[in-house]
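In what comes next, chain A is part of two complexes: it sits with chain B in the first one and with chain C in the second one.
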Partner chain A sequence: MTSEQTMAPVTAQAIQEALLSFLDERIKSSVAVDQDLFKSGLVSSMFAMQLVVYLEERYDIAVIGPDLTLDNFRTVQAMTGLVLRLREAAPAENA
Partner chain B sequence: MPDQLAGLRATVAELIGDQPGRWDVAQEIPIGLLRKLGASGVLCAQVPASFGGLGASSQDNGELTAFVGSLCSSLRSVMTSQGMAAWTIQRFGYREQRVKYLADLTAGQLAGIAFSETEAGSDLLAMRTQIVPDGESVVLNGQKKWVTVGRYADHLVVLGRHGDGAAFIVVPATAAGVRIEKIADPLGCRAAGHADIRFDNVRLPASCVLGGGGQPLSLLFTTALCYGRLSVAWGCAGITRACLTAAATHAKHRRQSGKPLAQHQLIAGHLADLLTAEQVCARVCQHASQCWDASSPDMVIAAVLAKHVSAGHAARSAATAVQVLASAGAQDGHVVARAYRDAKLMEIIEGSNEICQLILAEHAVSAHA
Partner chain C sequence: MSTDQPDHRLAIIGGGVMGTNIATLATGFGIPVTLIEVSDDILTATRATIKQKLRHAQLMAALPPGTTPGKLVTSTSLADIADASTVIEAVTEVAETKQQVLAEASAITRQGTTLISNTSCIPIDEMAGWVKRPDELVGVHFMNPSYLIKMVEVIRGPRTSDATMTSVTGLLAALGREALVISDSAGFVINRLLHPLINTAAMLVQEGVASAQVVDGLLEGCLGHSTGPLRTGDLIGLENLVDSLNVLYERRGDESCRPCDLLLEKVREGNLGRKTGRGFYDYGKAAS
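Now for the complex of A and B:
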């Protein structure tokens, strides 16, 4: 994680923008923030894990155990909510 | 941890000794030895120290895996299985589950991980195994094929459908309704304890479902397999290294027509191919482990690439080494004879050559078109 990323304010909007650009770069698709990524077949099994690792590395969070549900990854909005919630929670417990 | 790594290699080498050939013929590794290795932490060396593990990086665990793979692919296969189970628990388990199960897996208990079914290998949608909640418990039904370590396992980490999504459930091998059937005479990794396993109305506490379940099937599968593929890749790097050593040593000492085999040009060509293969495997595995240790999303594809490249090189290198050693290596139990059978299996498991090609082709289109 670069210092630039650490210092940028992590707002819902910033997370959404970063996610949309990651999706655009990785799966070459522009998606809507409320689009079901799994139902629309955009998220291959390979990509699901890349998303998890990306969020962890970029936002210094650990997405583990019960947070790895389908519902938390279904849409850009859901992932944004997950990131905000995990950043507010206690430091990563699996460290 | 270079010092720790050297120490672990020495410990493992001493415990393994000259037994892999006999284990291959007997199709069994003594369970006491597996437990001793498990309790030393080497079977799943990446488990963090806070959970009782060695806390190795992917790079160091990879080197250790290659070392074991150069000596015995059956044992390396046990490492892959135990490591995959531990990684899955670490990733998907509740904190209490991580504490409990990872302590077991670093204290000598053994784990197999069960994905494949008769009609569902890479085709996840065809998976039939079901985990159905029933009050405080869950009921598991299904059949799994080719579970590595199945015969030795204390815990079986089983993938099944769960609600809208899927889940891994940790099943004690002794639970009522679990039937473990040893696979007779597997082509390779003969002592890895492969088994077919049936689960008939296995009733377990809901607390056995990792993280409460309901995860995307694809995420569970890919996460576990990513570790498995990288582990197999390193194991194949080890097979290739063992083949290089055996062939080079033989070609240096065995004389034909008045000079060492190594000075016959056709044999020299084989040696050059073996050296190239050994180097390519090591580099592609190192790259994938670097991605893993840097928490880069690229690790997912890098692991597939490492697995695909290394399995292919291991299979070709084993065939080459058998060719160079000829009758000197053409007997069950010999390092190159084992490599020949074991490496072929590596082109099939954890994503066959063809499945790896499909994944890499998809990546080519999504990333490079």
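Now for the complex of A and C:
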């Protein structure tokens, strides 16, 4: 959407880095990529939806139906996998 | 379970934080909702908010699986509440506004329509004086977000009838909520405890005793609060909090309920909490 995004390739590493930076900024805490954000109490139920919206807007994806489940947002790894899968599944729609 | 309740027809007056919360809860449990607001522009935003809150509820697995969502109708005409089985008033916590809305709602609806106020602080019996059928008025204090928090505070006014209590109990069961019933009092139980706490927390920040993060961190870490008072204030909406504190202060004279300068300053600056993206905390952008 932004020039930065169109220039940067959307790789797993890039998504992870962006997510870690977003989380660091918003919850003021460094997390591990496999850390359960909800079980650790770092992320509230209200912030969960902000994560959904952040990923949708940044990566031009729509998280709908059975994908809209907390398990897909528990860890940075899970979110990265979701973004890659959704971008691969419907690249044309995201254009 | 909610799909077995075809006779509930809910009307909600007010599409702010609580109106959209309750509409999300009801439609998510399969109950049709007619929501009233004052302009089409606001209704457009209201529908978008409810859509997003339904997604939030789904994300948190807070809705009964397999339920067909209840139909959402939005309107700027209060006359469209006439056919509702229950009307929920969720307008601003200002007595004059509530009086006008409740009086009109009770005049439009027929006898036997349960009238719920989602009031934060105004006593039920004070409001019962504004409606045609005081026995049909009951207070239900839904929490925020209503679709995630199961417990509600139900306030039985001195004139609330047994039939109304039966009706509201049935509705809340259909909405998957658990209710604790209390007697009437300004602020009821929750806000009489919570609002002075948030106001005092804001005073501590104002006086430089501690930052918002530290005040909340102490309440969370030492007293086991799941959300600190200032983060809770941001969730409520600081202008709503100030309105409610004013209601409490006017009715109870309790100095701890006089809104502190920092709260008033944030409201003046338009930093109302999560809904505007900034309050005691910075949320980056407006969040529902």
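Everything below uses one rule, namely that the second predicted complex is superposed on the first by the 90 of 95 C-alpha atoms of A that agree within 3 Å, B and C clash if a C-alpha of one lies under 4 Å from a C-alpha of the other, contacts with A are read in each partner's own complex, and residues count from 1 in each chain.
The rule we apply is simple: contacts are C-beta pairs under 8 Å (C-beta built on N, C-alpha and C of every residue); 3 or more make two chains touch, one makes a residue touch a chain.
Quick caveat: nothing in here was measured; it's all calculated off a predicted structure.
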Three-chain arrangement built on chain A, chain B and chain C clash or fit: clash
Chain B versus chain C as contact partner of A:Val52, first or second or both or neither: both
Chain A residues touched - chain C or chain B, whichever exceeds: B
Which of chain B and chain C A:Val43 touches, first, second, both or neither: first
Contacts of A:Ala14 with chain B and chain C, given as first, second, both or neither: neither
Contacts of A:Ile27 with chain B and chain C, given as first, second, both or neither: first
First, second, both or neither for A:Leu68, with chain B first and chain C second: both
First, second, both or neither for A:Ala89, with chain B first and chain C second: neither
Clash with chain B, by chain C stretch, listed 113-121, 185-193 or 203-211: 113-121
Chain B and chain C contact sites that coincide on chain A, given as residue numbers: 26, 44-46, 48-50, 52-53, 68-70, 73
List of chain B residues in touch with chain A within their complex: 48, 50, 90-95, 97-98, 124, 164-165, 210-212, 214-219, 221-223, 226, 295-301, 304, 359, 362-363, 366-367, 369
Chain B partner contacts - residues on chain A that touch it in the complex: 26-28, 38, 43-54, 56-57, 64-71, 73, 93-95
Of chain A, residues touching chain C in the complex: 26, 44-46, 48-50, 52-53, 68-70, 73
Interfacial residue positions of chain C with respect to chain A in the complex: 52, 55-56, 58-61, 145, 148, 227, 235, 274, 283-284, 287-288
